[in-house]
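One chain, subunit A, appears in both complexes that follow, with subunit B as partner in the first and subunit C in the second.
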Partner chain A sequence: MARAGQSVLNGIRVIELGGVAAVPFCGLMLSWLGAEVIKFEPAGGDDDARRLAPFVRVGDGGVESAMFAYLNSGKKMVSFDETTDAGRTALADLVASATVVVHDGSLEFCGQSLGPTVGDTYPGLVACAITPYGWDGPHAGVPACDLTTNAVGGDCYLNPAGLAHHENPEGEPLKMAGFSASYTGGLAACLAIMASLFRQGLTGLGDFIDVSEQDVQVSMSREQIMWAVNENVLETRDTRALPVGGCFECKDGYVQVYVFSDEHWAALRVIMGDPVWARDERYAAALDRAKHNDEVNAGIESWLRLKERDELYTAAKKHGVTLAPYLGPADVIADPQEVDRGFPAPFVVGDLTLGITPGFPFAMSETTPVRPTGGWRRGQDTAAVLSGVGVGPADIEALVAGEVSE
Partner chain B sequence: MTTFEPGPLHGLRVVDFCWVYAGPVMTRVLADLGAEVIKVESRKRPDGTRLGRRPLTPTVELPPEIDIDLECQPLNHALNRNKRSLSVDLSTEEGRALVLDLVKVSDVVTDNFAAGTMARMGLGYSVLSSVKPDIIALSLSGGGQYGRLRDVLAYAGTLAPLGGLGLLVGDADTTYGVMSPTYGDSNAAIRAAGALLIALYHRRRTGEGQHIDVSEWETTMTGLDEAFLTWQLTGNAPGRSGNTSREFAPHNNYRTAGDDEWVAIAVRGDEQWAALCDAVGLPALLTDPRFADHAARVANAAALDVIVADWTRARDADDIADVLQKVGVASFKVCSIGDQYGEEHFYQREVFVESEHPVVGVEIVPGRPFRYTSRSGVPPVPISRPAPTMGEANHYVVRDLLGASEETFERLTQSGVLH
Partner chain C sequence: MAGPLDGVRVADFTWAGVGGYCGLLWAMLGADVIKIETKVRGGTQRLSNPARRVGVKSNLAEELSRDKRSILLNLKSPVGVDIARRIAGKSHIAAENFRPGVMARLGLGYQDLRRANERIVMVSMSANGQSGPDATLPGYAGIFGALSGISSLIGYPGGAPVELRLPSDMVAGTMGALAGVAALVRQQRTGQGQYVDCANRESLSVLIGEYFLSLGSAFGESGRQGNDVPGRAPYGCYRCADDEAMAGRPAAERERWVAVGVVDDSQWVGLRAALDLPDDADLRDSAGRWARRRELGTEIARIVRPRTVEQVVETLRAHGVPCAPVMRPPDLLADPHLAERQAWDVLERADGVPWISFGAPFRFQHAGRPTPRAASPLGSDSRQVMADLLEIDDEEFDKLVADGAIA
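Let's look at the complex of A and B:
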């Protein structure tokens, strides 16, 4: 898939002010597109992502968070005390040298200079704030994390549905895995920034973009709102179960089976070898299958238990059955489909070898992503970057006086 | 007359063959950014989201060309508001030629058919780029346009298991959960819209168009970096771990008063822990050795859950969230769609907006996922255009965009090319 392409954001400088997942993930995407991303860690402390597992061994015997190294790969690491007058000036100079700033609103400087009135100070700057509930509105500034974003976003309320819920109807609603809410917010921000850069190229004017992780969750994935509003139908974990199908255990793992239509059912019967129980007239029509779904699911499960995941998947593809194996990282990395498409890629950040991670999820005929390397040590690029915006050597020394040297 | 500040993609035109879910979410984002999105569809094979609901009593007397069976589906309205509709029979040579003429005056072509479908219809990238050399075409499919599994049968529900996400969601002691049915589609949609923006920016810099191949399988996998890294660096493949967390404790959804009502509570660090103990009126927990520091609280999260759940059980979820938010603890009611619908915050921020549909009247539809502050003093363009009725833009496309005569328009309509 890879061909020599161009780094689309070559020459665009991005300042990143914000930790853990949403803001750094947005910065990572921009860095993959060739932007020069400068990550600022404030005097108040490191990015919390530096404490996220898993960890990777460093040459000198220490360890570093592989998650931090991954999320911040390809970026320049800058830190100094931004709370002094000289520090505030240096940060303002840094921002003035950039085309884009992406931030989480947490620094005092962000609230003062990088909000809706950003154009007054920096007319051409694209400033994007990613916050849990948005820049304004009744919940702006309320403490939040991925769990609460999932809770308000509606994913928790509907998760887990199906057999898992029926096995344990008293179980808690569950959040999505990992940082999915933060990443979705970061992606939306990246998209909005690209649109803004597109316009900025024409007009020279920047923007303030207000990305609420919450709004993104709700507006992007809650089309079911339409049922509740217009039909007074409220989905729950209970009602969202597929009548027939779902996740089942097989001989060596798990598979997901979908039986929406009569065609799906007919195809499933074929790969099951059309057992006697499945020929029962009571299961012929979709509505009747739903009525007797416990029996049908039990029949499907007893057959699946004897079969291996890959054998099932091969048969399913051949006969048009909607059945998918549950794959883990090991399977995905080794899958010839993905290796063929150049998707999994080895990741090296400075002197850290992180392993293979998911790559750029598009094959674009003319644009090839940059696979970033760069460093990860706090402040390692401070002097070079500050000197580039005209801060003298003595001032740089004073600004980084309190910094721990790596 | 009120004027509005146009969106960043104002002036761009998208010829949109997308249907069902993921594709229409992607092009809705482009419409929200100001692009003119013309949905190409046909009565012969309507978008599945137009079907499946009994017709409502229309709010107005309908002109004869409106087929009410196709115009009452709220899901369709949510996914396609702010777009136009060209209804054309692509199996006719004239219909196909008309669409190619439209491509000549457009910037982007999108589809989310099975791989190879556009080429079979005579609308593959080579054809599109021969009529408009700098066209940007994006195809979104389950497994991508090439590779061993390009013809995989893809629904959002099978892509989560395939992409490795399925293994991570669920309780350790029950089977895997069927996840949010739309997560895979929405995630793919927002990434694919991003790819289009990248290509538009690339075109602005170089003058080149391109073809973009998006695999929903891959977009599902991207974002699972933590699982990939953990497996390779530790040898342990992460599994379903319910709501447990290494960074927060307590960290769970807790049952409250009310039927199936729950509250999310997440505590990080000693300061928040002290605030929680104070708020729940259990200062003794502060000296309990099981919860002495973060590591101890993570190790004893199950015991902690019992204590917190005991406190939440008879209380109101909103009240709990209010109390905890005020002391700096992340907390919110686990919202059903009904709760979201009643949440004033989302109306103030225009995450939900009213749309006046020509057939069914006023509806609440999703608004935009992010906001741009006006730079000119006039407000940004609101989301005001309802989902299009079938063929709503036929006249506009044929007469205004392609410059054909009224007679031609009539002939194309009578002959069923505009279908």
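Let's look at the complex of A and C:
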């Protein structure tokens, strides 16, 4: 089994140049895999996520962005004025010391040195740009945010389907939870970076990777999109719902029920107590249930309304029914399954446990993920990191002169 | 051009959305992904998709089996299982997403594959992971989405949570693909293989980590907030004029929406100018706009309602405001940006009918992009793969078919 200290990316240095969600999430995944991630915040302003909700208490009555803390704890925080000659040189030195750079293209330095021609300056470097629309094309550089990434991804138009849409048919199309669409762009970029590291291991060569957050979203919605464009069937929020099953309200919350096969239906009938209505011959076959789905769903709903979420889940597990409760984050960290797997992880900074975060989403038998610890104060590691790449103490002092100390 | 995983081979036992997309990403990175299908399981992905209207042919196979080779084995036959092990013996990665225990029962568990190939990386993906009291429960996107916590945060304020569909399978598949390549990098460095256990619900939970972390603070769980991002306003989707080209179609097909997200004060200045919104002093900072977000949203909705989404987007972008049409599939296909980036592939299917598909979600300047190929018909690469990998000649192949090991 796993041996302490053995991580996948032990000894790999990553420079992170970009804020808010996609680039930091990519950096988080790389740091979980054991990379040394150095987050650079430019003179022009720190990462916007430092001000974004939700928030977490950090002791002494202080309150900070839980989003920033979650994404960035465990990284080395470096900041200096990169717009001066000395700053440009220091940033170039930092990049030269790295194996991977992940950026959002926003700094002038990224455009000049970390784009498609990166190999001219840094032949072994893996440079990955994560941008809303990709590195080139007519929309490159168009103003964007997490919501527009959702909008141009193909799924937002169909979201929500099922009960939420039924309750509010005139409601606006919805984005995914929090910044998760942007995080997904960072996840896809992390996969691409790892693949590039594999190639680098064989050939010694670096690469420039162009990840468009729009492409990532469209790629994930490829089934519904290709269905529409090849077979001219336009699905809408009205027609997307599962024919039978879906999200239902129960006595104290919501449950998801999945009924497609005859086995699913038979098992559901058992935990419903095989009511008379469910024995109707017209519901015996999947196609017929779909034809009469309003009746079947109404029958399921009237039964669920009287039941509690946890009691339903217990019965479902016992009888093999594909039914699960809608859990909130507080439920997830208390769920016996996740507790047993050790997935909820204490979030420790120094001597303080600030809360619980999700752990690493996969378990590897021979390598251990690296749990983030450490604070995220702007510039806290600037001097140590810069001296590590050979910048002298006087030069460091000059570089950080404009930095506001907290 | 070949892609960064050129030379990597995958013995792909996966099926359905999560596993299918995981293998697809590896194939799009240049790996030789050999999809090992059985008449029962292989068929599941290739027949109608349960999430679709019943009776409609699925295109999951067209999309998720593209760029892969397909072989058909009878895994109930010892000879079929032996062939599967020998293919794993020639592969860097083996992947599966059956319920925990199924592969071991077939004689294809990690220990079995390790005997065939000491260096193998095996990736298992399942709804709840391989351990714990709920490990063997079945899961689909809506089920593990509900268990992950993420669905509870999607929806209108005070309304029901939102059931997740295929795109969340794809998130879990991306995580599986990352896990496999991470182990591959390690294999390259140390010569050591390993087993990787991916829990699909956990792959979704990590996308909302900040909502876990904030639980202990008085701010608590914020629940369903529609499109709100606290502190950012205006931020939402607003209905524009109906699509005239869809006249006569159902209302839901005609409606168009614009997404507008003001992230900083300068963008508010742009939005205000573009839509002639009031220049109240309290609206100049985000706290003031957030306090009046409902009123601002109503006003923006009123202004854009008679305009076409294209007009609104053009005006707002000219003023530096983040905005975009909420794009439907035909809008994506007609999008000049995606066209100029050559984001689409036209695949030549075995039946001669061209199939429009979408390319890889990443581009490598030097390693390149693998040449796209249409999904192989079920089992159509069996003979070639057996010859390439296992030196099984035609005569032996025909005997295996006659013995029922293949197909």
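Keep this in mind: the second predicted complex is superposed on the first by the 382 of 406 C-alpha atoms of A that agree within 3 Å, B and C clash if a C-alpha of one lies under 4 Å from a C-alpha of the other, contacts with A are read in each partner's own complex, and residues count from 1 in each chain.
As a convention for this text, contacts are C-beta pairs under 8 Å (C-beta built on N, C-alpha and C of every residue); 3 or more make two chains touch, one makes a residue touch a chain.
Computed from a predicted structure; not experimentally measured.
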item: Partners on subunit A (subunit B, subunit C) - clash or fit; value: clash
item: Which superposed partner A:287 touches (first subunit B, second subunit C, both, neither); value: second
item: Subunit B versus subunit C as contact partner of A:234, first or second or both or neither; value: both
item: First (subunit B), second (subunit C), both or neither touched by A:330; value: both
item: A:167 touches, of subunit B and subunit C: first, second, both or neither?; value: both
